[in-house]
Each structure stands twice: as C-alpha cells, then as structure tokens.
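The following pair of complexes shares a single chain, subunit A, combined with subunit B in the former and subunit C in the latter.
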Partner chain A sequence: MGLNRRRFITFAVGGAVGSLFTPVIWKLTDDVSIWTQNWGWIPRLKKGADSAVPTVSKLCASGCAVKVETVGGAPYGTKGNKDNPLSGGGICPLCASGAQLMNSPARVKGPMKKTGEGKYDPVSWDEALEVLAAKLKSAAGGDGKALFISGDDSGTANEVFSAFMAKLGQSGFYYMPGEAQAAGRAWRETMNGSGQVGFDIEDSDCVLFIGADALDSWGPTVRNQKAFDATHPLGAEAAAKYVYAGPVQTRTAAVCDKWVPVAPGGAAAFALGLAAILIKNGASASAADFAEFKSLVLAKFTPGQVEKMTGVKAAVLADVAKTLMEAQRPVVVPGALGGGAAGFAAGAALNVLLGRFNAKGGMVALPQAPKVVSGAMGPAQALGNDLAGYLAAVAAGKAKAPEVAMVYEANPVYALPQAETMSAGLAKAGFVVSFSTYLDETAAGADLILPAPHPYERFDDLQTPYGLGRFTYCLGAPVAEPQLDVRSTPDVILGLAAKLGQDLGFETFEDVLKAKVEAIGGNWDELAAGAAFTRSGQVSGGVSLGAATLGQAAFPAKATAPVAVAPVMRLNVGSGHVATPPHNPTTIRDTELKGSVMCVQVCKATAKQLGVSEGSKVKLTGAGGECKALVHVFEGVMPGVVAVPLGFGHTAWDEFSKGKGDNVNKILTARIEPGSGLTTWAGSTVNVAKM
Partner chain B sequence: MSHGHAKEFKVRWGMVVDVDKCTGCGACMVACQVENNISPMVRQDKENYLPSMTFERDDPSNKMRTLTWLMVYELSNRKDYPDHEVAFLPRPCMQCGNPACVPVCPVVATDKNEEGGIVSQIYPRCIGCRYCMAACPYHARYFNWFDPIWPKGMDKALSPRTSVRPRGVVEKCNFCHTRFLKAKERARQEGIDPNELPEGYYTPACVEVCPTGAITFGDLNNPEHKVHQLAHGKYAFRLLEKLGLDPQVYYLTKRDWVRKQGDNYLANEEPHAKKH
Partner chain C sequence: MEEKRASKGSGGAIPFLIGFVLSAVFLWIIFPQVIYCQKDQPIRFSHTVHKEQGMECSGCHFFREDGSYAGLPSNEQCAECHTDLMGQDPAEAKYVKEFLEKGRAVPWLIYQYQPDNVYFSHKAHDGFECTDCHPNLGDSDTPPPHYRNVITGYSKQTMKMWQCERCHAEGGVSNACYVCHK
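Right after this comes the complex of A and B.
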C-alpha cells in the first residue's frame, strides 16, 4: 500500500486532530508558557514562617513605630504598629521601605579606612578602633578638639555619646539642625520654658499650622496624620478645623480646610499680626513681658504692616484670628524649617495668648525622661549648641577646627543649609569618622567609616519625638541579625570609652536602655513587644512671650535677591539623613523630577516676571551656591516665590538617588538671627536665570 | 463573560477612597510595590548585558515605563493663585463589574469569575498583546517592559506572597489577592464561612498602611461593612461612571471640582445622576 497524496493528508490531519484529544499539546503549551517565564535571573520567593515583629524605625526624622514582616526570620516588609499611638497602624513612605533599605546597595558593608581621595580599604573593627582611640588620645586636653554630631534627636544613644565627650573634656556635642533643635532652643532660651514643648493636636478642634507641613514632613508625621484622620471621619462632617499657613500649597495644605499663603520668612510676623488682633479683642497673658509684647505687636504688627511683610491681606488675617477665637480648643503649631527662634516663639506666644498653654488640646510642656548615663549632656545644653553656626565659623576661620569629628546617623555634608560652606567647615576637621549605615555624602568623604546597623538590627529607643502632646517612650529591639560587618554605635562608643580608661557605668547599650526603661517606670517586655509607654501630665511653670527676642527677630530679613525660596520636604523623596529608597522613585512625579533634573515650582505670575515657562531650564543662585532645575508652573506657590524640593542632588548613595536633581541646601543662605543669635536660613532669596 | 452582562456576585470586594483625606504621601504606593514584588527600576540589566547592544533602562520619571499598580494622581482645580486647590487621588485597579479588559483578552488571561468580583490576571497565560491596556480607561494595567531586577542583596527582601513576573506580561492591582486567600484560610480555621468574611479579615497592603485612613476596604454588598454605607453616601462617586463599567472602587469628596474631574466632564457639561 503506497503513500499517495490522499493518504498522506488523511494521516496528517487525522494525526493532528487525534493529538488534540491527548493532553500532550495542552501540557506542552502550558509548560512552554511557564518555561519562557522562568529564567535563572528571575528571583524565587523565600519560604518560611511568616510573622510580624514590632520595633521602631528611625529612618524618618521623627521615627515610626512599626511591625516588620519577616519570612523565615528575614525582614521583607514594614507596616505600622496598630497598638502603638505613634503609628496607629499608619506608616510614612520612608519607613515603609525599611526592609528594602536594610538590603540597600548603599549600605556600608564593614569598617573602611580612607587611603586616598575617594579610595577606601576595608579594615577590621579592632584596627579601626585602635586608629580612632589613638586620634582621640592625641586630641585629649583642651575643649574644642573633638566634635560629635548626632542626627538622632530622640534616642538614649545621645547620652552615651555626650557622656563620652564630657569624659574627654569636650563640650562639642551637637544635634543636626531641625525642628526639635530649633524649637527646643527657642522654647528654653527665648521663652524661658521648661520640659519639652509639644502640641496636643488630637484633642484640638482647630489647628493652625504655621509653616509646619505636619501632615507630610513635620514632627511625628504619622501621629499627626492619625489625629487628622480621627477628627475627619469618612463621609461625615469634620470635628476639627485645620488651617495651613505657608508660602506653598503643600500636602498638608491640600487637605486642610484653608490655605493661607504667607511669604517665606514671614511666619513670625504673621503670628504676631494674629496676636495683635487677639490682644485688641481682649486677649491677655500673665507672662512677665506681656506689656512689652503688647506694645510691640500693636505698634509694629498691625494688619497693614503684616500685609507688607507677609503678603497676607488684612481681611484674611482677621478671618484666621476669628477662626482661632471662635474655636473651643484651638492650637497653633509653628514650624521652624529654616531654623531661628522667631517663627517658633511667635507661634508659641499665640498659644499662650489664646490661653492654650498646658491645656487639653493645646501647647504643652512635657516632662523628660531622666538621664541614666552620668555625665551626659542635658537637653538644654545639647539643644542650645548651634551646629550650623559653629561650622560656618570654622569655615570662615573664626573658630578652631576640631581634630576629630564624629558623625552619627547624620549627613552634615549634604543636609546643612548653605551646604558647600558647611561641608568646607567639616572638611577642616583633622579626622572625620562616620558612624553611618549608608554610604552617604559625609561617609564618602570621611577618614574612617564605622558602619552602624540598620534600625531592624539593633537596640534603639524613641523618647517623646518632638511634636507629641504626651510623654511617650518606645523601644526598638533587633528583628534580625546583622548580615554585614556592622556594630551598634553606642556599643562601639562604650567599648572605646573602656579602651580610653573611661567608666560610663555600662558595658552594653542594651544595659543602658534597660536602665532607662526602669527609670521611666516602664516594662521592658511590654515595650519590646511594641507597646508605647505614655504618661499624661505636664511641667507647670510660667513662660514668657519672648518679646525681647521677637522685637528684633520677627521681621523678615532684607531680600538680597529678587525671588524668595520656599524649601519643601516630601518624605517619599527622602530626609536629610536618608536618601530616596529603592522603591520610592516611582512615587516621585514627573513634575518634581524629570530624568536627572529636578523641577522647581513657580506660579504663572512669577514665571512671567522671570521670563520663564513650563519646562524652562533655570539656574538658581544663592549666597553660597547654585542649582540647576526645570520650571514647573504650579499655582499653589505665592507670587515672588520659588518652591524648591529638598532631598534631591545626592552625590553618594546609590543609583536611586545619586545624580538625581540638585541639592537645594546649597542655595539657602545661613545667617545669624538678630535677637536670638541662632543660625537661620528662613527667607533665603535667590536669583533665577534662564539657561 | 460577554460585555454588557455583568456577572452577579454575592460578595463584591470594594474600596472607598476619601480624596479629601489623601495627602499624596506615597506610603500606599511603596507598600504596594513591596507586597507585590514590583522590582525597583535599575538602570542596567547585568544578567543579560551585551556590550553595545544593551541599552540602559528607562528612568522612573518616564511614567510610560513604571509599574504602579496603585498610582496617586495629583489633581488641580486649574484656577490661578490664590484660588488654586490641589487634591490627590489614589487609583488602584477598579475591579469593574463590567470590565472592558476582560472581553478583549484573546487568551483569557484576565477574567472576572471568582466570588468577590476581583478581576484576575494570570501571568503565565498572558501573551503580552496589551489589548487589555488599550481597553482599560483607567490606565490601571501595566506592561512589564523589563525583566524584574533587584540590586544584589535586595532579593532577600522579596515578599513571599506574590510571584515575580517576567518581562512581556501585563500586570495590575488585584486587591492583594493572596491576602484574600489567607483571610479565607483563617476564616475556615475559625469556623467562619469564608464567603462571609467579617470586616478587617481581608485588607490590602495600601489600605493597611495609609496613615490618614483615606482608604476603606470591605464587601460592598454587605450592609455590615463600612464600605457599603460609604459607597451609598452623598459624597460618593466613581471614576468615569458614565462609561458604565461599574467599578468596585468608590471615591468620596466634598469638592465639586474633584467630582467633576472624576468623570472627565467638559467645562460646560452637567454631571449625570449618580448610579450605584
């Protein structure tokens, strides 16, 4: 039987049809689709027990109470801790990336020693500590030879650091400038306040934020957002009125009932304008300087004068004052972004005039946790030290440069105002040591890098982060063993102290924290399980209205260039301490960053005045440096103001932030505030030129 | 499922997003990427690198190439200073009752037939034709232009819940479907009917982390769930409601201009009556 054409076709078609009735084709098709999607470079998921371990995350400035999700013991995700009042289940966009930042390519893998410009060799911990001990020994004798900069303003670790410095005979312990530092100093020095100032916004029915972008980047952001959540129930009328006053329609302004545009540097004048209206309507205070304050605001801060200084029309000012007066439990929350004492003091004085000091839903003076490390610097002295002022003096040759500078969880080379001047000041230090988890700009220029563990790998704590309205203490215990050759910085310092013959009273940082927990009357096990220790009660005592300082400091600085700068911090972009995490670039809009160029925002009127339009390339020049940017026209910026984004322009870190945009800290102008003597950069001005 | 005849479900998982409470912080977008193993956008694919033939990958500011299952849009009332207003609108997949993406899929890689009404996406079956992306009026679907790459060491932090997708397939929000499976498992263990999950048993990652409580999640059909009441409230609306896709995501706002933009009305057009 030969194979003719007909038989061949019958056989082929029959075979094809027949095979459809077998599972072979379907199985092969299925397998092919799976094979072609499973390549060696596509990672496989890890299996293991799934759990959520509570701790604290110190990636954002204030710190978040979190639960770290782990699989087989390895962290992979981060969510809020519902049982902790700092979180209430919420989380900020920086700490949401916590597990990813733990495995970030920017992490320093072990101790490193500088061998040349930009060149580092790995060294052992023993060798590194020998080098540092020798440097510190040679620096002993005479204050001013060593400097310690801490970027963590709520941790007990600072007690170890400052006590260590004190034993070395050094008083140069500084916090990075920020809200806590500026407010803390203004509260104590300008207003004679005691304790730690805070704001009970949870219990307030009217919150006026003056420059405090509280629902995005100011203070304990997540707790602020939770307070907003509680007073703004879904689909129902709000139980509290929120007003935001500032030059830019920030994310806080976006959800507030009202946005009151106030020119940069005009926050104090705006608050004193409100104070004048309140006093005219009978407000009074028992403060010793009330008469001086009254005559100051009635003479110098009339609605007409305030309009000239801040751009706020008299009717708008009167309307805000009326809102405050009509509320049952109003509170004013002043921001200090830009340093200085005036903005904070004027806002705090408003609270006193409203009778809202140490009142429910008002401004409160909170007790502070007792010190446990003997010789540690008290908050008054630590907050009073002005790092920006000191480094500017060192850069100008007016102060002696330290022989050894130690930097913990801070990035002063990048994040200080007028950054280039400040980093020049730090560069004059004989030997710079960075205790950084990440290869940030400061670590990248340091002589020695002694990497700290990520917050999920170490013991740490949060003592009433600035802005809270209640005494609150949270503990962070390690969630995972460190994968890299890192050591907890306070433990390193305790070891170094022993090496230098100092006795700080503790062998490990865990012991320090146990002593702290005992001192506040907390329970270690409960705190380690994620609970917060809170205590009601305030520090009584009168405060002044800061009239003497405000009389000199509350007036906006004279402009030296045509356009005022309004720096805007967005937590998803990063903070001064942590650059953009790997998952966050997709959350940054293309109106904020285009390719490697950042966008600055101006309104149509300003764009016209500057001769620029959407997408124009511009150069912004300030007293200490310049920045390149694209223009984005946004009507939520006051005329005459350019809104500039903080958090871009890193030169170290990793590909997710390096070379993206420009560092606007460079164009801010640091100056000494009259009256308080503090360094401020509020009301900085720049020239904007089309490129 | 044929277009125009929506399948009825006893349970309809849905979201209600209060636009007036969203600050646009981005925590939800980060949590979504972490939960669903969306890889960070790296510049170079070192595994498949051929000198002079491999181009660097796109930058995350090229929003045509990002994978944002949940995208927070910035809305403007388009008025000049000082009358300008801004709002933020998070947009997950709408899990439409009558989805435009399902009938166009030539390989049935996406379907709406599971109790709960979540529109599925079966990655191994997807052939990457992107018809569904063209059909979706919400731009909720994304194409994997690149193989997912985690920088060295970061793959240790992969979520165990979601498989990693290769390049060439379309993906989208599925209301963190593995959390749904886990919730049903928990219900079974506790002797509860998995088709009547109590409120709070099943919560997608974005809802869980939102610090302002702007997103609520639950069964739209269950009067005991908060979303049921909110979706029927006077401030509720849905995006592009006039298209009739019956989204399972509702929005709340007290601002008329936001509501108007939600349905993309012309300046002189009056919004239609609300439909539920």
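Right after this comes the complex of A and C.
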C-alpha cells in the first residue's frame, strides 16, 4: 500500500482527530494565555523587605524631613517623618513625589557635552572634568571671570562651592532669589540685624501673613500647616487668629480667619500703615531710628494714603491693627515673593513695634551653624549677592559676562523674573555648566551637564530652613544607590579643586558634613537615623526699623501698564527648581490649566474693564515678554489685578510639564528697589489684550 | 468501478488509524518532554549540608515583622556565614567567587513562581505544610532540575489557578477575584 494523496490526507485527518484525544490543545491555549503575563516589557514588581528610611528631601525650597518607603532597597513612596519636628509626619506636594521624581524621564542619565544647538553627546566623567578644569584654568586671574549659582540656600554644599570660588579668586557666588534672600538682605542690611530671622508661629495667638502664602508655598509649609492645624481644631473654637493680607485669595487666605486684599507691591505700605496706627496708640521701640521711622509713617502712611497705595480701606486697616494690639502673642510674617527688601523690613518693623522681637511666639533672630570649610562665603555676603541684578546688568552690557558659569540645582533660565532678559544674560557666559538632576531649561542650553544625584541618592543637609522659629539641623543620607551615572556635586567640586591644586581641607562631602555635625554639637548616627538637632535661644542685639530704606522703598512702584500682576505659586504645580512631578498633573484644576493653556484669574470688575469674560483667550504683555492664557473669573482676586500661576510653561523637562501653560516669569518686570538696591519685581504691571 | 471504490475505502482506514495513534502517542508522551527544557540551579545548593550545621528552615525562609515572607535568602544573609570559603565544596567556591564577591544576587530558578498579578500571602497559608505546595527540597543535597516551559517561562511545578481555586473551594475559602488579584 503506497502513500498517495488520498492516503496522506486520511493520515493527517487521523492525526488531527488523534490530537483531540490528548490535552495538547487545551495545554497550548493555556500556555499561550499565561505567556502574555511575562512579556519582557511588562514592569516587574521588586520583591523584598519593606522599610521606611529617613532622610531629607530638598525638592521644595524649605526641604522636608521624610521617610522613603522602599521594597528590597528600591524607593517607591515618600511620607513625612513623624519623629522629626521639621515636618512632624507631614509632607509637601513636591517632596511627596520624591520617589516618582527619582524615576522621572527628565533625569539626566550621565555627563553630556554640547556638540551643537540642542545636540549633546554622552562623555565620561573624566573627560567632562578635564574640559571643565581647562575652562576654569583659562578663566583664572581677575574677579568676575567665573560665576556659581546655587539653588539651595540651606545646605553645607554651598560652603564647598563658595570656598572653591574663593580659591579661584572669584566672588561671584549667588543664590537664586527667593524668600530667604530678600529677608536675609533686608534683615542684615536694612535693619542691621544679625543671625537668621525666623517666626515662632507655633507659639503665637495671632499671625498676620503679609503676602506670605504660608500654608501653600512660603517657608516651611508643612510646619506652618501643622501650626495652623494645632490652633484650628475641627469642630472647636480656634485658639489663634490667622489673617492673610495679599491681592489674591490664595489657599492660605481661603482657610485663614480673615483675608485682607492688599494690592500687589503694597505690602510695605500696608505694614507701615499698621505701624502708624500702633504708634498713635502708644507703640514704641528702642531702635535708634525710631524717631525717623515714626515721622515717616505718621507723615506718609496715614490710613487715607495707605488706602490709595494698597486699596485697603481705613476701617479694615484699623481692624487689623486692633487685632494685633489685642493679641497676647502676635507675630507678623512678611513674604517677599517679589524680591525687594521693603516688604520684609516693614513687616519686621511691625514685630519690633509690637514688642515681639526675640519673644515667644514672635519674630526671632536665630544663631547660624558655624562654617567648616575654610574660605567659604558667610551667609551675609552670599545672601547679599543679587543674581537677578547681576544677570540683568550682563544682559544690558553694563557688567562683564563670566567666562564660566556653573549652575547647581537651579534653573535660572526659567525661574528668574523677566526670564528672557535673565536668560540672555546667562547666555553671554562663555561656558555654562549645569549640575542638575533633571534636564531643565538651564541644563538644556548648557555646554556641559554634570548630573547630580537625586536627594535620595546622596548625602546632604538642611540648616534651619528660612521661616522656622528655632535652630534646626537635619541630615540626609543616601537611601538607595544611584541607578544612573551621576555624582554628588560637592564631591565633584572637591575633586575639581584637588585637580586645580586647591586644598579645601576635605576629600569627600561626607567628611564635610561630619565636620558640620561636630561643629554644631550633633550626633551623626542620630541625625542619619532621621532625628533633627534643634537648639533654643536667639541672637540678641538691637535692630533698626529700616527707616532710611523704607523712606525710599516702601512706596508702590509707578504702574507702567493698566493691570497689576499677582504671581501665585502652588507647590503641587512645581517650583522654580522642580517642574510638575509625574503624579501631580491630576491635582491641577481646570481653572488653573485647561488642556495645554493656563488660566489667569481676574474678578468680574476687572474682566469688564478689560472686555473679557470666562474662557476668553488673552495675551499678557510685560516689560520683558508676553504670555498666553485663558481667563477665569474669580472674585478672590482684587480689582485691577490679574492672578497668574507660577510653575507652568516649561520648554524642557518631560511630558508631565513640557508645553503646559506659559512661563509667567517672562512678564514680571525686574527693577532695582530704591534704597536697598535689591532687584524686585513686586508690583509688576501688564497689558492684557483679548486674542 | 465497484472494485476501485472498495479498494479506496479500505486503504483510507489504515492511514487514519496510523495518524490517530501516532498523534495520540506523540502528544501524550513525547510533546510534554519537548515543551519543557531542563535547567539546573546556578549553584548546587545543598540543604542537607546546611541542616547538618544545625540550621533551621526558618533561619533563611522566614516571615518578616510585617508578616511578609522573605522567601529566598539574600547575599547579605548568606554573607553572615560565608564571609570566606567555609569548606571544600566547589559549589560554595562558585557562589562566593561569582556572586558574593561581585555583589550579584543569585538568579535562583523558582519552582513555584507566581506572576505579579497574583497576590499570594504566605502568612494566610501559614497553617499548611510547605511541601503541600512546594517540592520537598529540605532533604536534598542537589536541587532537583527546573523544568521550564519554553512557551510560558514558568516551571512545570508552578501551581495553576484551578489548583488554587479547588483548594479554596474545598476549604470553604472565597474564590472571589479580589482575594488573589488586587
């Protein structure tokens, strides 16, 4: 019997029928279905022990004491550290996203060298450091040839950076402008204060925030929220009165006991109006310039004059003054989001008049940790250097551009006021180096990117974040090994110093921190385990009321456009340093960002004046740039004011922030404040045109 | 014509039967051998040697304080004893040289691997004997071969969902989806 076509088909049919009498079809079907569970691109869970490792997170400006939740040593979440008084178990919206930001697609994976416009090649660390060392060598000799910008104003790393600059013969070490800088400069230079100023709001029974959005973005927000929470228990009478004065009903204003609308740029005038009432009611101070101050406020800041400058009616001003006078332990907390010294100095002077300087529940001057790196710049000088003023002068050709600019954990191209002008100033530098964890706008234009580790991958510290009322020191130790080719920037600088023949006295940044801990009298092991080192006590000494400066600086700037700008920072959206974290876009309301267009807020009266309505497309034009936005009508904005959200409009970073909204820093107007000489952008004005 | 039809009919039954039998034999007996490839553990780990040193099972396979199960020991745990070579066994030398000294975790082949979409709590099954589900390795000097399914990647011994469901049903435990899939 030979094999012909018919027999072969019969054989095959027999085989097929035979297979039905075996489980193979069902087995293969099952195997194919579970094969899909293990496709290579499906993320796998990391298995291992679950733990919570304490460290500090410096993603927000003030820093949070956190516990990083890990499994098998890999971070997956972040929560507040209950054992640390800095946060007491709370956490801000930026630091809460720490683990997600660690895996952000915007992270720089290794050293990169610019090869063309927008083009980068990866390079080795050795090659990158050779390039930088050569640039610094060629820039040696003569101050002004190198620039260092630090976005961290509370870390010992700054001692390494500023000492390195000093050894290079350079004084160009700058902090990014912020609350700490404006307050620090006003405190030392305008009021002759010493130490670091802080506010003991926990022990106060009446807190007046003047422009300080303390429960959302000003100072140690988590500490501020805890203090508010403790004095405002649910279902019970508040134990303290909280008042917010500012042009927009921010999240702080929304929960405070009272909101007093004050026009942008009018904070100093508002505070001095209160001072005039206090003095009329017998308040006094032992300050040397009290007589000058008294005559200034009584002559120039009467309730009627203050109403013209700030929009605050005399009766409201009197009511706020009465609240302060009736309180047992009032404290005034001035904010300085718009830079300048006047707003802070006027608020601080109020505390002195109320007898609340260095008092429990008042404004305090705190001691600062001793320097440990020889040659490092002291806080007074570092806070005194005005980056915005310097870059504006470079952009205008009034100051010589540096040959090498180094930027650490800062994004000046994006976050400085009048951003396009400042960016042009930085672009004039011969060689820009970015020590950034993320590919932000500054890194995206730098000649060399030397990526820094994420806060969970490095040693770092936190010295009394600005705003705290008690000396506090926290230490951050690595939680996880870096997964990318990154290096701790202070360690890189120490290595670079050695390469250039400098001796900064330390080989590693960990050694620097150990010396710092020893210098303050702390215990390394306890601090590394998440404890905070705190010390009570204040720096004694008299202060002035800043009358000489306030006499020139406290008056609102003359408007150059019809609508005043009130920038609003919300930490869930991001800060000047960190863009919207991967988990946060869902927390942004459609009254803040609609699609890819941001919303600005005006009240009905302003909308009518501008000829716009809810949802209108508008263009805001300031002195240095323009922004596009949609209008949202909100009665929580003063008439004549447009509230603009900070944190949008990134052109770098990642899909969670890039191309969403516009950068309002572009429309802010940087000007020199008379009297203090500090750059301010408070009271910026814009034209608003319907598109 | 009649003769031709008869010839074709009888010629068709035999090839059918041959195909039927060969297919059934192949798919019952040979196919299960072909679909699994045999692999040995990267290190010949001897449980008996470790037991002879007085070690308890729970010394390496234990519940953590939070109730989660540690599963296999990490390099750090092994290094508590194997800081250096303790014996002459080449398997130990291989482990120390290739894994411990290089800080590499041993890629053990898991006989009962479950995918991430299965939430299996060892604590909830604490009342059972380990060997009710796992092969008895505690008395082995050489780990048994790992039979890996070339399609799925799972081992031959991996417990399937129907087995979980049957045991749950027999024990009166819920078989609702969320019990095992979160």
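The rule is simple: the second predicted complex is superposed on the first by the 647 of 691 C-alpha atoms of A that agree within 3 Å, B and C clash if a C-alpha of one lies under 4 Å from a C-alpha of the other, contacts with A are read in each partner's own complex, and residues count from 1 in each chain.
Just so we're on the same page, a contact is a pair of C-beta atoms (placed from the backbone, for glycine too) under 8 Å apart; a residue touches a chain by one contact, two chains touch by 3 or more.
Owing to the predicted nature of the structure, the values given are computational and were not obtained by experimental measurement.
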Quick check for you: in the superposed arrangement, does A:18 touch first (subunit B), second (subunit C), both or neither? second
Touch check for A:367: first (subunit B), second (subunit C), both, or neither? neither
Specify the partner with more touching residues on subunit A, choosing between subunit B and subunit C. B
In the superposed arrangement, does A:588 touch subunit B (first), subunit C (second), both or neither? first
Applying the document's definition of touch, where does A:637 land relative to subunit B and subunit C: first, second, both, or neither? first
With the two complexes superposed on chain A, say which partner A:225 touches: subunit B (first), subunit C (second), both, or neither. first
Considering only touches as defined above, state whether A:50 meets subunit B (first), subunit C (second), both or neither. both
Answer with first, second, both or neither: which of subunit B and subunit C does A:91 touch in the superposed model? first
Between subunit B and subunit C, whom does A:110 touch in the aligned arrangement: first, second, both, or neither? neither
Residues of subunit A at both interfaces, subunit B in one complex, subunit C in the other: 30, 34, 37-38, 44-45, 47-48, 50
Residues of subunit A touching subunit B in the complex: 30, 33-34, 36-48, 50, 69, 71, 74-80, 88-93, 96-97, 99-100, 102-105, 215-216, 221-222, 225-226, 228-229, 232, 234-235, 249, 251-255, 261, 483, 571-572, 581-591, 593-596, 603-605, 635-639, 654-656
For a test of understanding, state which residues of subunit A touch subunit C in their complex under the given definition. 1, 3, 6-8, 10-19, 21-22, 24, 27-28, 30-32, 34-35, 37-38, 44-45, 47-50
Residue numbers of subunit C touching subunit A in their complex, please. 8, 11-24, 27-28, 31, 35, 64, 66, 68, 70-71, 74, 115-117, 149, 151-154, 160
Could you please specify the touching residues of subunit B with respect to subunit A in the complex? 16, 18, 20-27, 29-31, 33-35, 37-38, 40-43, 47-48, 59-63, 66-68, 72, 74, 76, 79-82, 84-88, 123-125, 147-160, 163-166, 168-169, 205, 208-214, 216, 226, 229-230, 233-236, 252
